[in-house]
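The structures considered in this document are given below.
In what comes next, subunit A is part of two complexes: it sits with subunit B in the first one and with subunit C in the second one.
So, the complex of A and B:
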């Protein structure tokens, strides 16, 4: 009754091709974004912003990036952690070399650096497919992490081997560094992820996105109808790495504050891949849902025993956490292999018919 | 420029020619390391061949098998009985995985099954450590760990045992695959699920068998690796070592896993000893991947993988 597109006639091409053609969707998204900008900075406390919301937004951006590559272009990649590291380290190098440059510009530039690296490591995808490619992308993961570990130049010869976010301001307000407030960092992360999602949403419904999906669904057929595989695959790698690079820079500058290569190890790649798959392959909304699931589950699992007054040894807790996490992933894959985004679609379908069953 | 070129292209070979005994030692070390990788890669190949599942949990299965064996022996169970019980546990595990994970996910896309095995990976890791404890354990089932000299070259008995074991294992698997009824059924399933089903091959039974066999291979790998470096969490990371072996040899080839293991093992050792110092060492993490990648660019299906024929 409430959610129904009947009667919404489109009278112009513009209206027909809108990102959200149904007004309920449009308002829902607009209100959701507005609420995300206003409510948490006012209501959420330091813990919620720092431990939950900021990582959620950062990982959502990385998940969007990987989703473009794996969900839309069909190229399985396990190198996400490496590309995030490229973004983080180049942001650090750029902002320490040119302190006067706006930090947001630095984020975008480091995304571009990551995109360049992604292009290089995307080259094998022209010849290798499927799991062979997935394993081949692991090469980039290991090589990049090794490189950042070995070359002291990347950490400005700091003896600790860590990169630290310096104090940087946007429009006179401190947004990174140890003194930046959590609400400010949250707002920057939110602005970036909203912009990223909007661009991604537009990318995947345009010519680029369609050529990606054509390559994903059947690459030879796509080639025959004139989709250039080289250009398409490399573009997917480049744009995906751009997102991952920006997310990596955010991870250090907005969330962790300081990090070493350990923050970008292989587990990071798997986590982002989990987000994409649990959320839903080929869905921008799914990237957010997946990121929320993967970020919230461990927090929930850590706090649940406390909440019910159970005190267990730390080691046991850690093991139970692992088991439940693995079990939940299996459970979700079995119940809904198309991810949380599909559940949302089903819910919308139900809303459309409500109050009738069929 | 010429300096660098000399350091990369000439000096290492001069070093090799300079002390042949040391070179042989490095080569032998590489061969043994490679066979150890092959042992893990074999488990991957078996499962991928028969069910098309890229089983990321193989590394953890190795850890789990070793943990179970050590855990039983620590409780005073004799070696032979402990081995039997561990085998039973791995077979039971195969049943549970087939029933709870594979069957509900049948006909899903490969990437979903791959993810499921990563979930399984987490679960088994937590479960194994919860059941048997997380501290480093020593696995000793009576394989001597001594070194002796053969014509000025040092050879380690444990590594020799591992090499012989994997050779025997490969022969057994080859015979099993090519000469027995079940082996033929396995190959049929690997070739075409639906066709195999239609001639009456029970798919579910085959899956249980192949996961059990992979479990047995995991026990052997667990014993060898456990005897070499102790049974600990890092054992599950050898899966990452086995992956380049796998893509080099081809996902579907048992001999490929062995030959791939040898190439990776020898290449890695040579690279580490002769070229590693040029870039500051610790290259073993990614060097194997680069070697495998270089091969893949020439043969995208790996050395022994089935030729990829693509149609629209």
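So, the complex of A and C:
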């Protein structure tokens, strides 16, 4: 009833190929993005922005990156944390070496550096597949972290061994560093993730995305119909690492403010992989839903007992939180193995028929 | 499939409701103290006694004195699991009401150092965190008294010198530093290197990667080098494994000295008798034998209000938590002398931290005489003039076996000031003029 495409005729190829062909979708997304840009900076307090929404956006970007590689191109990767570290450390090196360069440009450049590293570590994917590839990417995770730990050059020989986000402005407004306000950081993170999601959405609809999916579904068949495996797989690694690199730079510059290599350990790789799996493999929306689930649920579970006035020891609360969180993951995966994005799709189908389901 | 709408609704609640703002626990008339604790996760064996020490001391003050000069203390714990991101979440949630925090993790401290001056919250990293922040001219909002890692390492070298029969006897001796491969573990390296050049001992640096369960190759190297002394900067499981491995290769335990995060009960118990004789640096005494503990037993444990089991009072980390709480409180008390007995602002509390003067007499009044050394903090020196001692494990308990050792300040301080220029410059700070502070 409220969600019906009947009567929406496409009269041009452009209209037929639109990202959101149905006007309800289009408006929903547009309004959602507009609301995301306007409402939180005005209403949310610093805790919400800094501790909840910014990490959510950063991880959503990383999840999109991994989803392109794992969800669309079918290459299982456990190197996300390492690629994020490449982005973070190269952003730090670039912005300290060239302080006058716009920080947004620095983010993109560090993404490119990460893409380069991703290309190198993507080479084994030409020979090995599946779990074996996962192990090979695991090696990249350990190698990169070891490298950043070992070489003091990456931290500009700081005695502390950490990288710190310096004060940087965009159009005269401070966006990174300790004095940047939370709304500004949030807006930068949001703008990057919206742009990234739009590009990704278009990538996966086009030739590139289709060749990725062909490789994912059956690489030999794909090769026979003319998809070049070398180019396709490496492109997936490169673009995926680009996203992860930008997300890593954001993690340090917009969220944490300073970091050591431990912030990019193997747990990060797993975390982002779980986001992709729970959100839905091969879905851009799923990346957002997965990131939201993994980032928000623990925070919700921590705060919920306080909100209803329940006073329990913090250790007990933490244990309960871990148990409930684990239980929820299992629950959602059993009920819908294709992830949260699939649930959303089913909901849309239902809405289409509502209120007269057959 | 009736469950689907339910599922979607559930999901919508979980995602959209998100974190709810916590109810304000603190009233206007109390001093609010957030406690970052790690009672769960891989480092819980260290975190639990520490958090209990904190709790007991704050509760003791509320029970015995009605708070600080009559102003009650309201504590709220926040679980960090020793994880930096969760620590930041805690900080953002609780900073509104707080005037000071004890981050209790070097990683979290690094997050808070840039934020502290912006939010007007004092960050007190007691014996951990960033060494350079001891230069109060660059880092007015960060304190790390009673001592830094660098001072500690210099005290260790001084101790070794004394054991060898004079600091000049260090020439040609072999010292190995086994450290956790993280900013924390690497802290002592520059100081040890400087001192190696000065006194002519051979220093070998051996890194152990996080978490430190696998150290076979490290100890093979130790065996080959056969050092005269080993300095250990470990954390959590790495300490237990290191002590065990040292015992396995038959190294003389009296010649292995941990830093003060490598010298608690949980670090040595796992190695059993092999750990006997193992030493560690410390800045306070262990054990439940001080006057303050009698008060704790009488006013808390006899009434069933204790945070832990009676027999666990006096563990190394328990006492450290207590001392940390005491230093916080005495700093606030110092500020109250100037600003009056009421809940204070962040800036007022900061003044109190900076002008803390903990005399022998005061230590006696609060029942901690002999537990730690008198301490004086100044605008320039946020490390204070603390002294270290060496404690030894006898198989049952830790006992202090050395005199209080004055760090080699003329070596540490110039390096520290140079590092502060670098670290402060990274954050865009300006050095303040301490002669203008009052």
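Before moving on, here are some points about what is shown:
FYI, the second predicted complex is superposed on the first by the 343 of 358 C-alpha atoms of A that agree within 3 Å, B and C clash if a C-alpha of one lies under 4 Å from a C-alpha of the other, contacts with A are read in each partner's own complex, and residues count from 1 in each chain.
Just so we're on the same page, a contact is a pair of C-beta atoms (placed from the backbone, for glycine too) under 8 Å apart; a residue touches a chain by one contact, two chains touch by 3 or more.
Quick caveat: nothing in here was measured; it's all calculated off a predicted structure.
Partners subunit B and subunit C, once the complexes are superposed on subunit A, both fit on it without clashing.
Looking at the shared chain after the overlay, A:30 reaches neither subunit B nor subunit C. In the superposition on chain A, A:337 contacts subunit B only, with no contact to subunit C. Between subunit B and subunit C, C contacts the larger number of subunit A residues.
When the two complexes are overlaid on their common chain A, residue A:124 makes contact with subunit B while staying clear of subunit C.
Of the two partner chains placed around the shared chain by superposition, subunit B is the only one that A:266 touches, whereas subunit C remains out of contact.
In the superposition on chain A, A:277 contacts subunit B only, with no contact to subunit C. Contacts of A:138 after superposition on the shared chain: subunit B is touched, whereas subunit C is not. In the superposed model, A:315 makes contact with both subunit B and subunit C.
Of the two partner chains placed around the shared chain by superposition, neither subunit B nor subunit C is touched by A:101. Contacts of A:323 after superposition on the shared chain: subunit B is touched, whereas subunit C is not. Across the superposed structures, the minimum distance from subunit B to subunit C, using CA atoms, reads 5 Å. In the superposition on chain A, subunit A positions 146, 149, 315, 318-319, 322, 328 are in contact with subunit B in one complex as well as with subunit C in the other. Listed in rising order, the residues of subunit A touching subunit B in the complex are 70, 76, 124, 127-132, 134-136, 138-139, 142-143, 145-146, 149-150, 218, 220-221, 224, 266, 270, 273-274, 277, 281, 315-316, 318-330, 333-334, 337. Within the complex, the subunit B residues that touch subunit A are 54, 100-101, 104-105, 108-112, 114-116, 118-127, 129-130, 134, 240, 243-244, 246-247, 251, 279-280, 282-283, 285-286, 289-290, 292-293, 296-297, 300-302, 308, 310-312. The touching residues of subunit C, when paired with subunit A in their complex, are 3-5, 7-8, 11, 14-15, 17-23, 37, 39-40, 44, 48, 77-79, 81, 84-85, 88-89, 92-93, 96, 107, 110-111, 113-115, 117-118, 130-132, 181-183, 186-187, 190, 209-210, 419, 422-423, 426-428. Residues 45-48, 50-52, 55, 146, 149, 158-162, 164, 166-167, 177-179, 255-263, 265, 289, 292-293, 296-297, 299-300, 302-304, 306-307, 309, 313-315, 317-319, 322, 328, 332, 335-336, 340, 343-344, 346-347, 350 of subunit A are the ones that touch subunit C when the two sit in their complex.
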